[in-house]
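Each structure below appears as structure tokens.
Presented sequentially are two complexes of chain A, the first with chain B as partner and the second with chain C.
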Partner chain A sequence: MRRAYFKTSWIAAALVAPQLLIIFVFFYWPSAQAVYWAFTLEQPWGGGNTWVGLQNFRNILSDPYYWNSVRASFLFAFGSTALAMGMALILALFADRQLRGYKAYRLAVIWPYAIAAPAVGLAFRFIFAPGAGLFSYLNTLYPGLWDPSVSGTQALLMVTIAGAWKLVSYNFIFFLAALQSIPRSLTEAAAMDGASVMRRMRDIQLPLMAPTFFFILVINITDSFTDSFGIVDTLTGGGPARATDLMVYKIYSDGFRGFDYSGAAAQSIILMGLVIALTFVQFRYVERRVHYT
Partner chain B sequence: MAEIRIDKVSKSYGKEKALMQGIDLTIMDGEFVVILGPSGCGKSTLLRMIAGLEAVTGGTISIAGQVVNDLEPRERGCAMVFQNYALYPHMTVAENIGYALRVARVAKAERMARVAMVAGSVGLTEFLDRKPGQLSGGQRQRVAMARAIVREPKVFLFDEPLSNLDATLRVQMRHEIRKIHNRIGATSVFVTHDQQEGMTLADRLVVMNKGTIEQVGSPEEIYERPASTYVAGFIGSPAMNFLPGEIQGGAVILENGIRLPVPGLSGLDGTMVQVGLRPERLSLTGPGRGQISARVDFVEELGSARLAHVLVEDIAISVLTGDKLAIAPGDEVGIAIAPCVVQLFDGTTGKRIETAAHAAQQVETVS
Partner chain C sequence: MKPTLLFSAAALSVIAGAASAEPVKFEYWYGLTGDLGEVVLETCNRFNASQTDYEAVCVGQDGYEKAVQNTIAAFRANQHPTLLQSFDAGTADLMLSGEFYPVHQLMADQGITIDWADYFPGIANYYSASNGQFFSMPWNSSTPVYYYNTAHFADAGLTEAPLTWEGMEAAFVALKAAGHECPMAYAPSSWIDLEQFSMAHNIPVASNNNGYAGLDTELLFNTTLHVQHMENIKRWLDEGLLQLRTTAAGLSARDSFVQGECSIFFSSIADHNTVGKIAPPELGWDVQMIPTYEGVERHNTVVGGASLWVLSGKTDAEYAAAAAYLAFLATPAEQRFLLENSGYIPVTNAAFNELNASGFYSAPPFAGREIAITSLTWTPPTDLTRGIRLGGFIQIRAEWQAEVEAALSGQKTMAEALDTAAERGNAILARFAQTYEGKSFP
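Let's turn to the complex of A and B:
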């Protein structure tokens, strides 16, 4: 790669300044504010705060509702990541085989990425509504089979599927690109070596996609932990009985509904720490097993 | 026995006009056949159709008496060496070589033994634990070869396997490929655009052009008796001289009026021809002697010989001369052309015209 050096450093500083300013205004400043709030007690209607040290954190960590939220978040994050990666991989493998009509199909699969999370949530609310469509029919046949407004497990499953659906298209783009960057002659060589289509996927294509898998894994996990608010808000509102009260959603409801700014700030700090820790673990332990060509 | 029969094979992509039409070729069991042609002539496509990597549009391909048109590559018993080697980057050399055996569920102990043996035969024993990325070009080439050999295939297919190597290595690998063939004796089809590779490796050479076969024959046959101007120009280095002319009264009258006597042209008066003269079959003599007089334009020093570019009025001819004559640009010289070195091709179709001189020469070489 070509590197450019600036003789006068103020030009370089001026060029990176806009980017740094944006990051500062939208990340460092609010983060610093959240850290400050997390150690103080903020009055609901404003007007001064009191330093309380670790009191907020103690309250959160001794709250069974919070641990319920952590559990739901992990189930959601790992469930939707696994589902999204699995689905995207299957779709990408099909698209890569260039079966008939794959071009139209490829475009159709990419579209959902452009849809906002609340819209996704709304669409899935209709799809999974127990009183209309497919599920009303199934409910008539087997009464009480499906009702996510009553069953916590079903609600979490529904949120997980909706979350995964939104990630599938993003993953698909990357998986397809990874598949297409594998030289055709490699799969041909494997075919000459006697490997069937499935065998070639397993022995040649999947191992060579490992770097992409790793990247998508990190992105999806992070995304599932931090970007699930829209779907939860439109689909379940955290219910029933807090079954889908994911960490992000709890921050919102505690902070802006319960006016517990300090508790919400402390939760944000914990969530941020959790995502950083998870990413670190992935880089430390998963990336080692990835083969970069 | 693995004889390959290619019968009226054609290939086209979609609705476009045929890339290849009516290819007929029989490759005998144990034969080393080289398919030679410029890029885009369809030689690789033909090889890939034999391998089963491309569908055959029309006609049939059979291997060892069995029509293989609808068989998967793995059912055909062919091994292929690719141009870019196509080694699996995430596997070690041993895993690369042994992959076919692993797919075929050969027991591990036997697999290791066979891999070790083949690796030894191509000098890879100490590299078995390396990944392809840690090997040099020549070593990768050997791995690709070993991967093909280990399966003990009926047929070896080579798709320009040497074109990514540097010149020295290419010659060395060429020798090794021929040695391996001599040892194993499997039917081999080798595709290349390098005429030297083709001439040196082949039992039989197939020259292709624009999706058709121009000529099939032994390397010597193709060099001595090219079937067309295309083959004549493609084979031989430096390239053959072509002089357009017309046959009149037992001689060829060149475009600039110069008369080139050629024996055995009776009955061909009025035919437009291309006269083919191989530079290495011509020689320079003193001015006024030889069949044509010419003037030296410039001289290329090749080390072992010199390539003199001379002008016969406005027609340029190159002459390869082993004598280190003191010739300089502007010198008047004569060109000695033995009747038997003159090759004639039809002026319009480019097809070879047999002359009595060649018949005589044939007798001469035989006796």
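Let's turn to the complex of A and C:
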């Protein structure tokens, strides 16, 4: 393959410099600061800090409630990713079939992506309210069945559904684009050979969408680990009894609400390491099964 | 005031180099939101209209916690306001940082006379250093009470609102028997169930006189009457005498009360104003002091709410302006303005007596609020009822909350839950002491 390149490297450097500067200011510098704080005890109002080595990490990793939080984060991340990908795929397949009114429908599905996470949380608070929301019908049928303010499992389920709902539209855009980039001739040829709709999906469309699946998987998992704050904050506040105290929410509540900057910094480093590790695993083991066309 | 004016005018011309007609501006960041945020803004407008030397620039920060968080971030960038409205739980870090100008000192330096001895002791002790000098300015102050539905009480044959927990239990049973399915709407609150409960019973929350005497403090609430009280709450919940009503459950305790579903709920006296506004006119209700257990001598409760802190690193002109604003807020007329527009209580004897004399508390909508003053001034504060001064207090409250939630949902016993909360709270205190090694509260 032929590659185009600049002969003088300083032009290239000048062109990428603004981008690198932005990344440095908004990512590397704060991250470096967080790494430093993670090894100290930082006084919130300034006024100095003490070097404590690995103490912050030891405290966190020996805390059973932290592992509880890690577990909840994994359940949330994988649960909402699976739900969001599944739902988006079904919706995209339908939109691609060009059923009646699919244009309006395609637009409507994209909208939720523009809604801020706290607004999503508020909307779902109404839907899931055990006394007054849509789910209160469950309680009229079986009294006391649904109450996420007491049941940790239900609270986590609720947060997972809300998190998935927010991701569905993003995934939908990509899945629909992937479906539409599959040459019509392939599906038409299969149809002429007598392959049913389901058969064409399984043997032609889904395999050809594999690269998109992989991309969406990586993005969704990363997003679920790092961007669940708004939903948790408005829906459950981490409760009941820490059932929805996801890692990213715990960083917020310890660092910003509790003024424990160092503990929160150490948790951020752990979370960052975890997301990097997960992404690495996905590229190493999942991507091998993906065929790019 | 005259020397202040002269001084600030001089400072202004030297430091800012502005025209002499230009008022000195200072920033004030406050945490109150909604209607109460409007009241804060209104005090600023009133201050700005009352004189021409200074101009208060008041910025709402969407909640006490955010006000403190944002101020810390701004402080680190040297962009912080002169005045900050900070809540009780945020003060330990601020006190140890030393990055504030004690109001007592500020007023003395600015030549403004404030009768500090006139403040209610339950408020004065909370906001003053070990030498008895105020470090921050009391402003919006409250204390907890309970609200009860008078019609429901009449149905149940209850002629007066009980002052003991034994009496409360009897009232719950009577209300239930009279067909009121939710005698009390309950939401766990560390401020009411733990802190103010311990004050009223004169029992410790933590060692070192609740943290006042040093940083090497340990929590003691898992060894006191508090445990028995929380076990009672759990038992009452199981017996259906009280119901959990939290925002997460869809309807808050206050809304459950206002809609007539529940007969009793506990909250700050500050809610007196809100309940009066949102309750339907036919709802008869009143307030009473928080109960104590029989056989325990009742003590004073302490102040909640927030106080105003003057931060370090500002110019003398800005300090003069802030001092003038604080002095303005402390006048009886301005205290009255706050009280008429909120559910807060007066902070000085003079203001309270003046209000009483003018009949403020004898008619609705303000009648009943004097019960908060009765509660606050029941006894002179003891070493255990001065207040609570704990580092990492917000996290300790959160630990208490999470553990109590776990116990209420039956995951563990209340005693186990409180032991865990105390143990985890102690780790937070130890960490706080380590962060501020070698320092002590002023």
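The definition used in the following text is that the second predicted complex is superposed on the first by the 276 of 293 C-alpha atoms of A that agree within 3 Å, B and C clash if a C-alpha of one lies under 4 Å from a C-alpha of the other, contacts with A are read in each partner's own complex, and residues count from 1 in each chain.
As a convention for this text, contacts are C-beta pairs under 8 Å (C-beta built on N, C-alpha and C of every residue); 3 or more make two chains touch, one makes a residue touch a chain.
Computed from a predicted structure; not experimentally measured.
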Fit-or-clash call for chain B and chain C when the two complexes are aligned on chain A: fit
Which superposed partner A:Pro240 touches (first chain B, second chain C, both, neither): second
Touching partner for A:Gln267 - first (chain B), second (chain C), both, neither: neither
Partner chain(s) touched by A:Arg199 [first = chain B, second = chain C, both, neither]: first
Angle, in degrees and to the nearest 10, that opens at chain A between the C-alpha centres of chain B and chain C: 150
Chain A residues touched - chain C or chain B, whichever exceeds: C
A:Leu208 touches, of chain B and chain C: first, second, both or neither? first
Which superposed partner A:Pro183 touches (first chain B, second chain C, both, neither): first
First, second, both or neither for A:Ser80, with chain B first and chain C second: neither
Touching partner for A:Gln154 - first (chain B), second (chain C), both, neither: neither
Smallest separation of CA atoms, chain C relative to chain B, angstrom: 50
Set intersection of chain A contacts, chain C complex versus chain B complex: none
Chain A partner contacts - residues on chain C that touch it in the complex: 65, 69, 72, 75-76, 90, 93-94, 96-99, 244, 246, 248-251, 392, 394-395, 398, 401-403, 405-406, 408-409, 411, 424, 427-428, 431, 434-437
Footprint of chain B on chain A - complex, ascending: 183, 185-186, 188-196, 199, 203-204, 207-208, 210, 291, 293
Parts of chain A lying in touch with chain C, wherever the complex brings them together: 41-47, 49-50, 52, 59, 65, 129-133, 136, 147-152, 155, 235-242, 245, 253-254, 256-260, 262-263
Residue ranges of chain B touching chain A (in the complex, touch as defined): 51-53, 72-74, 78-80, 82-84, 86-90, 99-100, 103-104, 133, 147, 151
